[in-house]
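In what follows, a single structure is set out as structure tokens and then discussed.
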Amino acid sequence: MIGAIKVISGTAHPELAEAICKCLGGDLCRTTVLRFSNENMLVQINENVREADVFVIQPSCPPVSDGIIELLMTIDALKHASAGRITAVLPYFPYARSDKKDRPRISITARLMADLVQTAGADRILTMNLHSPQVQGFFRIPADQLQAAPILCDYLRQSRDLTNYVLFAGDVGESKDVGHYAARLDLPIAIVYKRRSGDDEVARAR
Amino acid sequence: MIGAIKVISGTAHPELAEAICKCLGGDLCRTTVLRFSNENMLVQINENVREADVFVIQPSCPPVSDGIIELLMTIDALKHASAGRITAVLPYFPYARSDKKDRPRISITARLMADLVQTAGADRILTMNLHSPQVQGFFRIPADQLQAAPILCDYLRQSRDLTNYVLFAGDVGESKDVGHYAARLDLPIAIVYKRRSGDDEVARAR
Amino acid sequence: MIGAIKVISGTAHPELAEAICKCLGGDLCRTTVLRFSNENMLVQINENVREADVFVIQPSCPPVSDGIIELLMTIDALKHASAGRITAVLPYFPYARSDKKDRPRISITARLMADLVQTAGADRILTMNLHSPQVQGFFRIPADQLQAAPILCDYLRQSRDLTNYVLFAGDVGESKDVGHYAARLDLPIAIVYKRRSGDDEVARAR
Amino acid sequence: MIGAIKVISGTAHPELAEAICKCLGGDLCRTTVLRFSNENMLVQINENVREADVFVIQPSCPPVSDGIIELLMTIDALKHASAGRITAVLPYFPYARSDKKDRPRISITARLMADLVQTAGADRILTMNLHSPQVQGFFRIPADQLQAAPILCDYLRQSRDLTNYVLFAGDVGESKDVGHYAARLDLPIAIVYKRRSGDDEVARAR
Amino acid sequence: MIGAIKVISGTAHPELAEAICKCLGGDLCRTTVLRFSNENMLVQINENVREADVFVIQPSCPPVSDGIIELLMTIDALKHASAGRITAVLPYFPYARSDKKDRPRISITARLMADLVQTAGADRILTMNLHSPQVQGFFRIPADQLQAAPILCDYLRQSRDLTNYVLFAGDVGESKDVGHYAARLDLPIAIVYKRRSGDDEVARAR
Amino acid sequence: MIGAIKVISGTAHPELAEAICKCLGGDLCRTTVLRFSNENMLVQINENVREADVFVIQPSCPPVSDGIIELLMTIDALKHASAGRITAVLPYFPYARSDKKDRPRISITARLMADLVQTAGADRILTMNLHSPQVQGFFRIPADQLQAAPILCDYLRQSRDLTNYVLFAGDVGESKDVGHYAARLDLPIAIVYKRRSGDDEVARAR
């Protein structure tokens, strides 16, 4: 029932989508994205996608909100065009850091995004290095999370001499992640314990 | 179970929300909307809204996509803050004109918007003068549609002498709406029959 | 996962279903529809439909309500019989004209019908020439809308000399549709502007 | 949030609805049910029902399918008219006897009906003496099941001398129900053991 | 889209699962079930199940509650591991006898179980000899119900001389089932009419 | 529509429920929990709960699986008994620590639990000190999370002299929580950095 793979690029990062297509050895599925004078967008899929196994590539890049709406419209268009399976490829998942209620009466927006993508019609999510591993529990559709660490560590080892390096966690929350890199690179770690105060995004180490 | 009315203004049109509050004789519910350096927003409700009957006022204004995301985040925050009932007040409903599939493989985005607002957690919608009356069928939650015609017609009659006026429908699609005004104002109508071609938003009368 | 095509005819229009099967070169899937003395119906699928790609053909014909209930029962029986995919083929979609709330406190029944067909278990809808293009937005499952215009225009051109014909829209609401035919047949159009009043289905031109 | 009680009668059994209203000491909520020349119905609620606690009375009576569609349209109209709570009062639940799959590839239509009523927007169901007690498990919304036995037994005891009566179960399936009456009336029971064969609704005792 | 069959055994009845695999001619899919000191379990699927057609075998056996939770966790793990189709094989369906509300304010737990299995992510159910045939109506996903009677009757006929046997229904509720066996074995039946009173699971024949 | 508060205790921790009732100044709502010889449970609510604002208190205590099933059955019974609002009070949320996919092909069971509680019919959740703050994003129904820190800190300050105390995080993952206590008690903290290996629940500091 699911036919050939089709890769669609949103406007967020066409170079990434093209690089992926190059690896896969095919062309991007042609689409049109228009923006009318009232800022409303129109997303049109220009090829038959019936039964196709479609991957929509749209990491969260500025302009962020436009990228999200365009993503949802693309998925919706694909569903109604009878795509066989729709995978949203979101290497940087939108609002991944809004994963908890650290102030009263706010939205856990990463969860909201997961629900919106599912409502639009995605069958699966493909993402990378979520801000916290718990975010994977926000999805009810299968969500594969890729890890960049192996590639990054290989690169670090090949590009420089790591003797006498110390991995540095700028924040207690990052210490677990840094620990994974430390184990992989066999390096010691240091942790800065700081507290964030106010909305000015400035933290104070102590 | 549903307590006092609270009116929340998104950033789309605070003047409208304030004017509404003035009519109702109360103050806007205090909220904070922040925008971080990565363009992600944070919406916080600064008052207790437990059991409250909350109205969120957010017409579709530029920047359109930001306004939609902010609306969805506000509704989500309210739901998790245990608001008793959430009504999205959207005088200009986002993407109301994207109400049909006039090209192959596009999204009927007005329907998508209706689903997104419901997924975020709205219990009701309040809107005005939808682009086509069928759009009201896009909602599964109650959606009240207000009509501006009575107020506009009163204004027209009071502000000028309408003798010898003809109402003019610039498009066959508008002729039905113009007909309502004509009946209310007791004026004749003229209809331009034109055809739109291409994506340049220019139409040709004939 | 989806196997061979099976075509099922409801009792609404067996001749149509047979003509379709003839084109496809196969036989109708055998079913039994009984009606007990208390007017309750029983729909039984008499062939194995596991994994099959089933099309249920049931345009809205008198008796309309019986046809709808029979359709829903057939879809439900197919789902529980493990059909692979169920497509409801509804050339005349039931209640397609009930697409707006032109009186207070009525049902937009075309939307209700879309929801009922989905609740029963249909995966897709195939319909024709909806009363308004917005009705397509009533579906959350893929709904393909076929157009009769090309076939009808070919027929008109072949069967008579169209010189000096004028296409006539009996109602402003029809003028857009008539325009499509006019463009295709290269004929001028005339529009009657009338107003409908009361429930007697009689309109008055003026 | 839920206001005054409103009782609506469908066209199935207006006398019952009026008798109920008489007991409650109020009037029926006014509605209009039209039937157009294409057999499509229109249901309009003629009174404001915002926040009201609405009971729709529509037992399954001939014409059965029309009654079901009318019921669903009424519930849908009420939901979109912002009724506070909608209770479908279905003393004879439609298709209550279609509660099992006693042939291959049929619909368990009582379950389908439960789902349809919920999809249309009912919040609660009120029914009586279901064909089997398991049918109550078909609902996900609260469904109260009233029992007629106490009233019927009182009537039997008052209207005749029951000495020397034997309660007679015409079918093994009825023996449990008859047992309840026997316990309440303190009478012996007899059971006919018969087998049903074919679709002619005729059974043979042995 | 659906690949090879994989059979997974929960801890409820591994011998049954192995016997099934032996018939199918394959091995069980490897899984790990751990139980931590706080009684929480961990279910891990040790093989790739992407696109696989997975059958999870877990009849309701003591410890019953553990078996249910383990089943739900296994289904959930499979769904997020991108299994192609998940069939819960529950020869003894959990809480199958809790199929009606024979006391006020209790749960129809068989229906609840059906919903839980569906929420966890099962696509299909395979079960046997439900306590009442109506229970099949509790499922919205396809649920195949196998019958043991043919195998049991063959066994009885082959293993003993059934002349002068009478089939005995220990309860009116069982008489229908016993009747099916009687018809198949061509034997007479006797029915005990008893009434159950209180919670002590003791019934009294009369 | 929501009436008086009713507090129900599951069998997990009746002393807690009684202590809560004592604070509130009322009695526990009477219930019966039976366990049949086949280990199946029966939960019955012994008081009218129509429209009531019901709180079900059931922290995750051994036997854990029984406690979860009993909780779900209680919620289901309440929903069908027409409770006005059902709040599951789960101070220790079941499987709260299973909040991420730290091995391939496992269930994020805390999310599964959130979905099961919602499927059973809970309207709200009340919990305490979740294992990670992200778990709050697993709920689609409002979930209030209480914090024990203020009470615990008051107790510590009143019961001993904290001069020369150091707060000790036994694990990097705990350091953030410990930081909250440190800020509140104005004490320094120490962090042990350890790595967990294998399934034996033993970690090694380094």
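By letter and in written order, the chains are A, B, C, D, E and F; residue numbering begins at 1 in each of them.
Simple rule for what comes next: a contact is a pair of C-beta atoms (placed from the backbone, for glycine too) under 8 Å apart; a residue touches a chain by one contact, two chains touch by 3 or more.
If you're wondering where the values come from, they're calculated on a predicted model, not measured in any experiment.
K.L.:
Using the touch definition from the top, list the chains contacting both chain B and chain D.
P.N.:
C, F
K.L.:
Give the pair among B-D, B-F or A-F whose set of contact pairs overlaps with that of D-E by over half, matching residues by number.
P.N.:
More than half of its contact pairs match D-E, so it is A-F.
K.L.:
Could you find the chain whose CA centre sits the greatest distance from that of chain A?
P.N.:
Farthest chain from chain A, going by C-alpha centroids: D.
K.L.:
Need the CA-centroid distance for the pair chain B / chain E, whole Å please.
P.N.:
A distance of 52 Å separates the two centres.
K.L.:
How many Å are there between the centre of chain B and the centre of chain C, using C-alpha atoms for each centre?
P.N.:
32
K.L.:
How many angstrom between the C-alpha centroids of chain E and chain C?
P.N.:
41
K.L.:
Touching two or more other chains, which residues of chain C qualify?
P.N.:
In chain C, 1, 80-81, 101, 108, 115 touch at least two other chains.
K.L.:
What are the touching chain pairs in this one?
P.N.:
The list of touching pairs comes to A-B, A-C, A-E, A-F, B-C, B-D, B-F, C-D, C-E, D-E, D-F, E-F.
K.L.:
Can you list the chain D residues touching chain E in their complex?
P.N.:
99-102, 108, 110-111, 115, 132-138, 140, 145, 172-173, 175-176, 179, 183, 189, 191, 193, 195
K.L.:
Write out the stretch or stretches of chain B touching chain F in their complex.
P.N.:
These residues of chain B touch chain F: 1, 79-82.
K.L.:
Considering only the defined contacts, which chain B positions touch chain D in the complex?
P.N.:
Per the touch definition, chain B meets chain D at residues 1-2, 84-85, 124, 142-144.
K.L.:
Where on chain D does chain C make contact in their complex?
P.N.:
Going through chain D, the ones touching chain C are 34, 36-46, 49, 62-66, 68-69, 72-74, 76-78, 80-81, 94-95, 97-98, 101, 103-109, 112, 115-116, 119-120, 199, 201.
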